[in-house]
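Structures given as structure tokens follow.
Heads up, the next two complexes both have chain A, just with different partners, chain B and then chain C.
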Partner chain A sequence: MVRNKVKTNDIHIINLAKLVSSPNAILYKEEDLLAYDCDGFTIERHLPRAVVFPKNTEEVSQIVKYCAENNLPFLARGAGTGLSGGAIPLNNEVIISLVRMKRLLEVDLENRRAVVEPGFVNLKLTNSISDKGYYYAPDPSSQYACTIGGNVAENAGGAHCLKYGVTTNHILGLEVVLPNGEIIEIGNGGIPDSPGYDLLGLLTGSEGTLGIVTKITVRILKNPEAKQTVLAYFDNIEDGSQAVSDIISSGIVPAALEMMDKTAIEGVEAAAFPVGHPKDIEAVLLIEVDGIAAGIEGQIEMILDVCRKWNVREVKAARDEAERGRWWANRKTGFGAMGAISPDYLVQDGVIPRSRLPEVLAKINHISKESGLRIANIFHAGDGNLHPLVLFDSRIPGETEKAIEAGSACLKVCADVGGSITGEHGVGIEKKEEMRFVFNDEEIIAQTNIRDVFNPDHLLNAGKLFPTPGRCAEVKRELSSKN
Partner chain B sequence: MSIPNIEQKPACTTGSLGNYLWSDPPKENKWADCVHCGLCLEACPTYEQLGQEQHSPRGRVHLIKSVAEGKLFVNEAFADPVFQCLDCRACTTACPASVDVGGLIEEARGQVRQAMPLTGWKSMTSKFFLETLFPHPERLHAAGSLLKFYQKSGLQKLVRKTGLINIMPDHLVEMESIMPEVKTPVRKKYKNEKVIKAKGETKREVAMLSGCIMDVMFSDINESTINVLTRNGNDVVIPKNQTCCGALHVHAGDREMGRKLAKQNIEAFKDAEKVIVNAAGCGCMLKEYSELFHDEPEWQEKAKEFSAKVEDISKFLYDIGYETPKAELNKRITYHDACHLAHGQGIREEPRDLLLHIPGVEMVHMPNADRCCGSAGIYNLTNPEMAGAVLESKMANVPDDVEMISMGNPGCMLQMAVGVQKHGRNQKIVHTVQLLDWAYQREDELGGGE
Partner chain C sequence: MVTSELLTGLSSIILEEQIQGGSHSSPLLGNNGRITVFPKTEQEIADILQYANEKAMKINIIAGGTKRGFGGIEESADILLSLEQYKGVVEHSPGDMIVTVKSGTTYQELQDFLAEHKQKVPLDPALPKEATIGGVIAANDFGPKRLGYGSARDMVIGLRMVYPDGTIIRSGGKTVKNVAGYDMNKLFIGSMGTLGVISEITIKLRPLQQYESLILLSFPDGNLEDIHTFTISLLDSVMEPVALELLNPPLAEIVTGHRAFTLAISFEDVESSVRYQVDYVKQHKPSDASISILEQNDARSFWDNLAAVSPNGQQTVSEQTTKAALKVGVKNLDVVSVIKESQLLQDSHHLKAEAHGGLGTGLCKVYLTGTKDDVVSAITSLRSFAEHLGGYAVATHLPLALRQQIKVWGEKPSHFFLLDGIKAKVDSKRILNNGRFVGGI
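So, the complex of A and B:
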């Protein structure tokens, strides 16, 4: 066993160092902790107390036990690509980094499942099984770097979730370290639909507030026999939105149906993976259908008919796998690409009924004008999941606050048309106040009561997901006095 | 990105660069492109090994920015992540916004070296190689002759046999055992020829960077380069006053020396229309000279003009439409992308195309071919442990069933040779241009026999 030497008087650091066995498995000096003061959400920054790197479940459990016994706040972190601040140590937490638990433990093609450690990178799973004709369906845009553990915490989505569902639809079993250090397994060895409460569903998307996932059994799928990808360019964003709505209502379920507006196109074309989208169009749709080879052509024809009905300027089909790959790289690096046209961005994650798309886009446009900040729109149009990207420059005093306000206003619009404030990025720190747009106080308390069953002392990832007490606490008192 | 309490603590501006106290600090416009998305993480070989974010591209950019924001000082804790970086540029390829992490790292190293000058043994060795040896061709050639004497005289055998070799640190032993046979540098060989004439009709004249290590350790690659250039209608000149490109100095944070060498090369090649380079690391440096002259606008202009003339041999041949060889080589070959060719200069397809068009060459795919081998200039000497770990990952991807591994950079060649030797394999390490040259030679031999 490697001993991790530490030079500090902090007894907790000294003790935590004894619980991890791989080399350099603890960081505790301020300079070393700086890189952990935020994740993909950069507006809030807080230093952790330490970062520890366990190499197995047992070490995670020991660390959690130690933290629980000593009243130390703690949280789990993967690649830190989350966009809502779920891995930011608001309360000087001990960060339990799971990136060294990155093994692919088992591939069971017969039963179409794989078992991975939480630090295993999403895309690596598909890469490891693609030669055998299989893949892992949830494909968040950060899949080059994000970990499956993080995907479970956030119930991550992705472009292809329109047809195949989000992470929760692909999780068959979990090993979890509870906030008291106890190790439990849920999901009955990967047999789908076990009796009793759906704990897998509860844990998936709980944003690291109920437990720390240390092993994951996922569903893997056979590669579709055929797929076809097309780009459709529209001169008018309303036409593009109507086309999206009509494609879905015509009964086709594309594998993916993505949309980018003019500002977003400007960003991706200025960045590292341009594909030559025309500069003067208002919207591009990236449409992919897959399935049995015989049905593909017919589906594409139906989609093209709809596009033509809505005055599409041009459509083109990917000539080969390489071109398809370039189109997807262009789309999937869209958020990061904003760096090419703006020093900072804040991405929102609203969901709306597809039929309200034109109206919502007009309102977002209005918010942009009011705030004086540009807003780019990249979204999973097929399932109504919008990603307005508010572009700003944090070096200009006041602009960060303005961006936060504009982002919040976008979510209000989504909530008001009967939608939701998050489709796949999670609530984290970013959207906890906006939870009030969709839940009243009683509903929020009902949920925090569930959290308290698992995490009664609030040591695990506190201050995330639900609005800060205050009003909530008052309502809670009021409710209990009524009982 | 923003910092907490934005009202009390205004973010820095170009005018106040926090704790960077020396000239030529990391440039704000470079890190302003980073939105902290993290897509670079998996591209980074040191993050792959350590799993710690201060050793990842976005972590390093974050720290570089933190110094400018006054949250961190230029000290050991900053120097460690900045110098652990291989400067392999894989992150820039992966980055949606093409953040110039390599440029930031090099500028940050410049600050570190001024804040904490090297002392003792490290300073002496670094001075010896970077100041006393590399910039002076005559001394390099003398060292080359010594090396040659060492190899030819039997001394090498003696050292290996007697176990004297075991007194060298491990990684130096590895390097010693794979040193190529030293031949006559082309700068010496052609010193009396102003122009090496094209074979057949002259279509153009090009100048060649002979390189420092390249010409001493791998003069046969320079020879091959001259052969393929002249074969394709190019007169070749080797300007006398050229010197080391300065890449190793800039990687080490010695930007002052880098500027000196850059100026000398800009002058030495001022009459050339094309500057042909066969070492990826050098080519990349030459193309980035303007980065060294942010405080000297006049030189920055000259540097830009110079860089526009620089081209890697593989891309140059591809672009001019070279003559495809007709003789067969019959070899199974895999190709390794040198970082400073693929990530640094965006040259990936051209060398592969060259190889594919040699009759009888069977190309075998190397997974993650553009992953760093750990050579990274002199990184394998300064950070042997990490370089070794990175090499192990690389070797795991090198297909077993090939006879040769082709690439376009001398540093990679030495490092990959160590890898092949360590793993008891028997693959030959070759430069792409050598294979082309051999194919031409065989064609001539066969043609002569007809």
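So, the complex of A and C:
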């Protein structure tokens, strides 16, 4: 039975419709496609050719094979929460949406692993195993919506990756559909160090340009025995930054160490989850320590000592889980909260060596003054991952461009102190050109050479991640292909 | 090209005192060179590679020499590139908790330097005094504390690689989080020097533990069911062991003096937390297991002794007895079966088998000593046992003759064409550590 009847003259859509078996598994009308013209990066929009919803690996493979044989560009998409435009169909792609592949296939508590389909939502995994005392560590702020497949593509981070690492540290195995439709299994079902180059590590964070992940084995962790969360308010952002550095170098590895500046605080307090941060402070630190209960108190004491040394105005510990939850909701919805104080905002994602924090903040402040745009700073201070939020009004002609420029300037500052242009949001479309801030032509070619091994015809998610080759790079590529 | 021509060619790149004719190692392990060069700078490494690449000459890479018996099927390449003089800390930022180090630095030298700042690289590889950080990363070596701290792929955040054509390629950077471009670090870690020469490594550090204790639970009756059950309950508790390593009786005898299956459980944290966890184990251990507790320096000595058990490719090897080392990967709790199997091998194959494995990591190291034929047959048998469990066995140390006979890495994976495709793109003339990796890459 054909479940997907389509009325179109586009032969490819007619054929693709035959490859998906669940009801309503293909969208092709313009009004239906509009929802897929961008992801969490909304500045650039393009319509896909169609959106298909396969229900299993075999269907993904058939769709990919069809696209490859007919030279149709295609890309994979999860929940569409990505912030760098990785799922935007720049080339009128066929979008392979993985949201219907959303089963939790297996939980093996004894060996501490779980197997999920790519459309499985991040937070659902923790919710599914929390009654047994286990959780899945990577916790991007969008974890209530984003899918684990998307997390793998972007190598997503989160507030707790300071101690527990980012997605790549928790991926044990992948089933992948290659750009020619072939299905491969890497990581041997979760047994570490499979002989061969570490394709697991290479694919994680490859932004959907090397293959489409259809099954994921992840590591799950036991809940720590105890957690303690502290808020610390500073009158001076430099003091707050110094406190961050000193906490880390005192020998404590906090589970999370987050910071917000005055503008960011104004935003979160005006939005859905205010917690009553004083309006006149310059910086708040949200610090979480977890582990064996017997060791927690001493660590909190050390943190308080450091904060006092750096002139903290006030520190307080969460009284209970409910208060802790409110503090985290306040922080995790921080980006969206900017909507409460600005018509539009653009979020950036630079990373710096922690010790350069005060200097970098001063430079970002300077960019804000120069551009005339307010910049709020929310960051994973513990690992130096800054999220400058450039506030602007797209209705004012030229302001969007100005915001993009200011965002890029922030990344330049990060790159210039030995940092990187993205810590967890990915390059996507947004930061393609900024790749040149951190890599030279040879280094970019070294990466595109690897892409060509997997994706030689560039049909899968083309035009992402790498800058348009400069003249000099093109010449070199030609030379190297002659060798 | 004759050796004298090669000598002349190389002497235009580096000083003559940095070139040695031949190689002084025994031919038994192979991986030698007709000429050995000792570059002292990255530029010299790049020049040597570029020269060799132009002339399509083969290069073997070496530093401490501990892994000379790991992979490779040729007695000698044209050039042996030794990184033992390319050493030192390039940059250490204690506040950022990162260090950048040249690849020829020994693991112990790096650890001693960091200890002055109360920091460490949390890997505990074999033979730390001789093994260099570059070799450890290239071979992806690890130790029992991988359970608590992860492996090289979790802590290497940046590399400077010298590509076969002499180009310097940086991957990653100096920040603990970074998703700009592909995570090329992962490709180079564990690639056995087949994609480039590691020049500098930037590593994310950990604070030196404030306190450490090691519990040794020894099971004289050899009741593995007890070990299995106890392990499950410990892993399901909120305790946070950094190592949970099962030793077979012969290995336990070497490092503890008692010939019995022994579980080594390590805790590292603030003292109050460590004591609490030690008490937990004392209270919950199986009744017939005898317990001893080592603290601080005593615990460290135990782990040092365990790290010294591995065969060393640097030492002279005798023709009479054959030594082999295997890395076996299985599902975490199947480690119990592998350690038991390694014990059975002793009797069935008339050899010495020392083995340990991490019950929270799924990785075992097995050391075999015996006649050539017995060792070969034991490896084959243990490999098929691991494969039966869905795992693998890699021979991390073997004499050359046996490496030509046994597939060091096992059979090629089904996606081998991707691995080979990567090698072909990066090292099209296959000059670097040729044949040393999976499927003859």
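Note that the second predicted complex is superposed on the first by the 470 of 483 C-alpha atoms of A that agree within 3 Å, B and C clash if a C-alpha of one lies under 4 Å from a C-alpha of the other, contacts with A are read in each partner's own complex, and residues count from 1 in each chain.
Just so we're on the same page, a residue touches a chain if its C-beta (ideal position, glycine included) is under 8 Å from a C-beta of that chain, and two chains touch if they have at least 3 such contacts.
Since the structure is predicted, the reported quantities are computational estimates derived from the model, not experimental observations.
After overlaying the two complexes on the shared chain, residue contacts for A:29 are found with chain B alone; chain C is out of touch.
Look at A:126: by the touch rule set out above, it reaches neither chain B nor chain C.
By the touch criterion defined above, A:365 lies against neither chain B nor chain C after alignment on the C-alpha atoms of chain A. Once the two complexes are overlaid on the shared chain, A:384 sits against chain C while remaining clear of chain B. The wider contact with chain A, measured as residues touched, comes from C rather than the other of chain B and chain C. Once the two complexes are overlaid on the shared chain, A:353 sits against chain C while remaining clear of chain B. By the touch criterion defined above, A:109 lies against chain C but remains apart from chain B after alignment on the C-alpha atoms of chain A. On the chain A side of its complex with chain B, the touching residues are 24, 27, 29, 31-32, 34-36, 38-40, 42-46, 51, 53, 79-81, 97, 99-100, 102, 119, 121, 142, 144-146, 271-273, 333-340, 343-345, 394-395, 397, 400-401.
Within the complex formed with chain C, the chain A residues making contact are 109-112, 133, 154-155, 157, 161-162, 165-166, 168-169, 184-186, 188-202, 204-206, 222-225, 245, 248-253, 291-295, 298-299, 351-355, 380, 383-385, 418-427, 431, 435, 438-439, 442-444, 446-447, 449-454, 465-466, 483. Looking at the complex, you find that chain C touches chain A at residues 93-98, 118, 140, 150-151, 153-154, 163, 167-171, 173-187, 189-191, 195, 206-208, 210, 232, 235-240, 269-270, 272-277, 327, 329-333, 360-363, 390-392, 394, 409-410, 413-416, 418-419, 421-422, 425-426, 428, 437-438. Residues 1-4, 6-7, 10-13, 32-43, 50-54, 56, 59, 62-63, 66, 71-72, 75, 77-78, 93-99 of chain B touch chain A in their complex.
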